[in-house]
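Letters A, B, C and D mark the chains as written, and numbering starts fresh at 1 in each.
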């Protein structure tokens, strides 16, 4: 198990190296550099030239890459051109938001998707099946930014049940420990702060959940359809076990394997959705920050981000693989 | 079974939110008087830094203006320089030595005294900046107004306008500049020239920028310990939740703020700002979409339109791909005649907007009513084109996307209307839409691969040069023309110490510009703020210098 | 099965399932089609798509007004800067848009543009993805040691693409190529390249171990000939299913790009995604301007998705009982 | 009265848009308490469907079940799902063919045993574990406490079948249905499992319905044997009677296709020609007719009736095999 993890992490190194080189060249090919972004309307050729010179952007690309790698290897991702704060600090501050949001969305999507997929499978071919699958598919067909607006308009502006923006009410004086607002609230026993952070997560969570929901329903349904035909389910029925036991212990536990894989594969699309969701909800997370960074040609932030995303992707899939061995004893990590 | 459980969950959540809301409510009630209210304002972008010296954008300025003051400030609701920390000022006959009489009994937030010494510490700090502090990215406004430093580390930096500062007594500061300019002292109203506490500058290592030029980090002063003299004090900058919190400075020398807490919360999406306002999460926001104004008004919100202190123009580059035609003034006139500016302003701008005939807003010194006006006439445009012998003219037309500027509420829409007008006059356009920053700005400000583009300017302070000088005082890629007569005229006007004469010269320049017609000024649009019913006492400023010190929350 | 291989299973599986040779490919397809015809979801999807394609093909010839001309601005009825956009009238069935153009005509013409963007983007993704996946699959299945290495390299590259959040990938592609209809199509198409590549490869690998390929190899048929004449055709069914599904995501993805200001800039060719993004500024004034294109997008995407899902299920031998 | 009385049991698979399939067609037989009864036939003859129908394990949709299956005076076919769940595993238990696929791969053996104890005998925690270990021991699994924690894939085929049997007998059911319990096993293991089943039945007085395609399997243990073909019972007799005299050509074929050590030297195996697919609808005649070596024209005149001899021997054939041929 330990060796397996180490090996997987070692495999990451060449991937990261290749990715960084590729991206570095790619990003520096983008038209317009950070100098224009910094100067805006008041840019003059002289000022632009001075900034390029000072930032070393006029040097050959491999020299720039060398400098970048040297810094990265010493554990420094540099500072954001836009905010002048260390990239690591920015990430530590913004990733928690996205992680909280993504987890909320996954909880909602899994909480709705698995029962829905199960019911659809058990009532295969009936209207219930069509409706649950169709409903889940409808979710993925609504553009996220539009769904966000509608959900806010109805549940927040109209009914006043939820806040529409941010991660926490700005008038709450909350202590920050980890950067995960909900967790912080619980750790410091500031219950109102935690409750408020949760309230701020619900609407964006619902909106973001619309993306993985369809996949989860579909995979659960297909997987359950497959599993219910298995002999061991018949065995379980023959034992006279209650419906709940058959469902949870014998059907769902086996049907979860492909669902877990799907969730691992969904991290990419969840991050995409988070970009739009965070923008619509003025939610301080990594997605909206990165779109800004692309606009600003904030090279250090972009490089750092891609590196971290690659690491997260690998880690998530590692976790998924590890979770296999939890769900499925046949899988032994090698 | 599932449904009731879900409903129960909602109920719990709702109750939780009520409890939260209730707690917040009761906190406020406990403190009793109306002056203990909190005002939350929705900003369109994050503040970037808390040291005014390093600030260069409107969102940062808005926050700093509440905490800091400069020697000079803009008149409330206007653009003229009035007394700030200096009660009065005067210059010698040559216009080079300026004596500022300072306000007495002013203290910084850290309890230290404000005096002539403090003023000089600040100016000398800027002037003697070294290393990274000379980066144009770091001290943008100093370099814009004062040019260079005591020791320029780049040969591209000009000589500094600032020469020296002395404090003959606690209530006086004398600043000597190296040449006469119309910018001084009006430019001192820019928040970038706010006075910080010398004590705090030292304590929090304000000049200690870290890293290298491509990886600058701000020192502690700029990230968490701003100390000024303003009506609000800094509390915290919650970058993780995109908000800056200030509180009332109870030791303020003037009329004290009416709200206890002032919070700026960043919401970049304009629809999200609107929904947050309607949902009561913020009490006001900036950059209202003009189309939303009637709706917000009828919902009972207060709209505060700012006087239009800006201009949108259509630039006609004379060195672009279509230079054969565009370098001919008749073609430029044809373009001006072809555009139905009245219709554009009527359709796309809010009430209170006007068609621009100068490259500067009316009401500012040097504005000239008597310039050539180029009325809308497709016929005339066709005729001028014929006279110029130009047929089948095709021009590259750049316009920005994903941006609303105070002078340009909907660039794409305006582009479409102008393009339709030009088509009617027989000029076809090739659309080049680009993302505002950096793609668009990069494309239209550098190189020569652009014919027409939309751009504008919002004034930094009350000075004509800040508009027309910024546009036309030398040869620029944006316009692609070389007009030495015009450039000379600017130099002359800028160094004219006598205000009346200077105004006359600017008037003349405006006429010259409109005859030369490097582009077509289109509109002056008033950007608006909105507040909910409970907020009063804020006056809109053309320079976005709204003062929350007077704000009251019911 | 090795662990590392598992995560790709989801995409590969569809390929392997449908690609697994049956007793007779003909009857498999016919049977699938029969099942498809009995599935109400498939019928609903097909009807939606049929209508959509009809409108896209013939609508532009039947519109009552020029979709580009700012009629309402010229006659002064539309003053969107002051929140005045007249709604439904006898003359303008869905009212004006914010630029004084006839919304109904724009919706109709927009259908064609929307379909066009979806089709070209999907085709791009399909073409590039199939090329990469086909090459990888063929080299894996037939090429020995070097073939496996080439396959490994191609698939690593695809994995990296798969790891990138798709929208950010699209955003940066548009940033490099500049904003145009073509770059939107390429950006949206690029996102689906890894999906198609994995799919085709998985399906081809399943095929290559099948009896008829072994037989062909034994008979001495050349490798590339096998790849072209046997592997590819038999791997196409799952790819077609995926293409149907991708059409839906392409349309939605294009709308997302428009929202971020990177959509098709040419206003002469109205497209639903762009119309929806443009309407964001007038949600309070005339919510209809957002709702019409949004409903258009949703229904169309749903149509493609329903049909695609039904096809996927019909072709899945595991779900046939 | 018999413990289980199956009467006129019919199962029709009828899915929308597809042809109806009559998998079981009016099958009747009895199982007395403590008795071992065999249900024999090739795969596809309806024997497994019969057992599933008795257990109520057939899918609800697309399946029509008619007739009666009376267990201890209660018609299982008319019993509600709730009661059925109480009966299953407690009074009537079942063992399936493929022990690997019949065990849940992701649940430890222990839990798969204890869940029955918990469900029907209300045992929990340590007590259940202890009983489970005891049960495993009883079915001949060595080191039962360790095995409890293991997963099915860690056990050998024979062990798995023993574990399945342990689960089935956990509540000392009155009727055990074993559906091809040895088919998936090695020959040596087969014998062990059969021995085990025989012992269990004898010790506990459980009735056993043995379903198999292999007459050899039932030969050693069944009191009576029913042979099924194409959904109908074609021959039924007490074991001794049947092995002495088989009337139906199908039964003859079944036995003839089994290699026997005691067969005279040089005698060839006589497999039944054709496959189960070559079936004639019963309505038109004898379903076995297409494959029958003893076919005459009368065979296809109409559905043959079950004919009973004095010795409780029934056969459904118009041209039965008589002594002489059997000897051949």
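Following the convention adopted for this analysis, contacts are C-beta pairs under 8 Å (C-beta built on N, C-alpha and C of every residue); 3 or more make two chains touch, one makes a residue touch a chain.
A quick map from chain label to UniProt name: A = Peptide ABC transporter permease; B = ABC transporter substrate-binding protein; C = ABC transporter permease; D = Dipeptide/oligopeptide/nickel ABC transporter ATP-binding protein.
Computed from a predicted structure; not experimentally measured.
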Taking each chain's centre as the mean of its CA atoms, which one is farthest from the centre of subunit B? D
Using C-alpha atoms only, the most centrally placed chain is A
Round to the nearest whole Å and give the separation of the Cα centres of subunit A and subunit D. 53
Approximate Å spacing (C-alpha centroids) for the pair subunit B, subunit C: 44
Whole-Å separation of chain centres (CA-atom averages), subunit A against subunit B: 36
Separation of subunit B from subunit D, taking each centre as the mean of its C-alpha atoms, in whole Å: 88
For subunit B, write out the residues touching at least two other chains, lowest number first. 271, 435, 439
Multi-chain contact sites of subunit A, meaning residues that touch two or more partners: 31, 149, 279
Can you list every residue of subunit D that touches 2 or more other chains, as numbers and ranges? none
Would you pull the subunit A residues touching subunit B in the complex into a rising list? 31-51, 54-57, 71, 78-79, 81-86, 93-94, 96-97, 115, 149, 152-153, 156-157, 160-172, 176, 179, 181, 192, 195-196, 198-199, 202, 279-282, 284, 288, 295-297, 300
Subunit C touches which residues of subunit B in the complex? 270-271, 274, 289-295, 343, 345-351, 353, 401-402, 409-410, 412-413, 416-417, 420, 431, 433-435, 439
So, in the complex, the side of subunit A touching subunit C is made of residues 4, 8, 15, 18-19, 22, 26-27, 29-31, 130, 133-134, 137-138, 140-146, 149, 214, 218-219, 222, 225-226, 229, 258, 261-262, 264-265, 268-269, 271-276, 279, 287, 290-291, 294, 306, 309-310, 313-314, 317, 320-321, 324, 331, 333-334
Contacting residues of subunit A [partner subunit D, same complex]: 230-232, 234-243, 245, 249-250, 253-254, 327-330
If we count contacts the way the header does, which residues on subunit D are in touch with subunit A in the complex? 52, 55, 57, 84-90, 93-94, 96-98, 101-108, 111, 115-116, 119-120, 151, 153, 164, 167
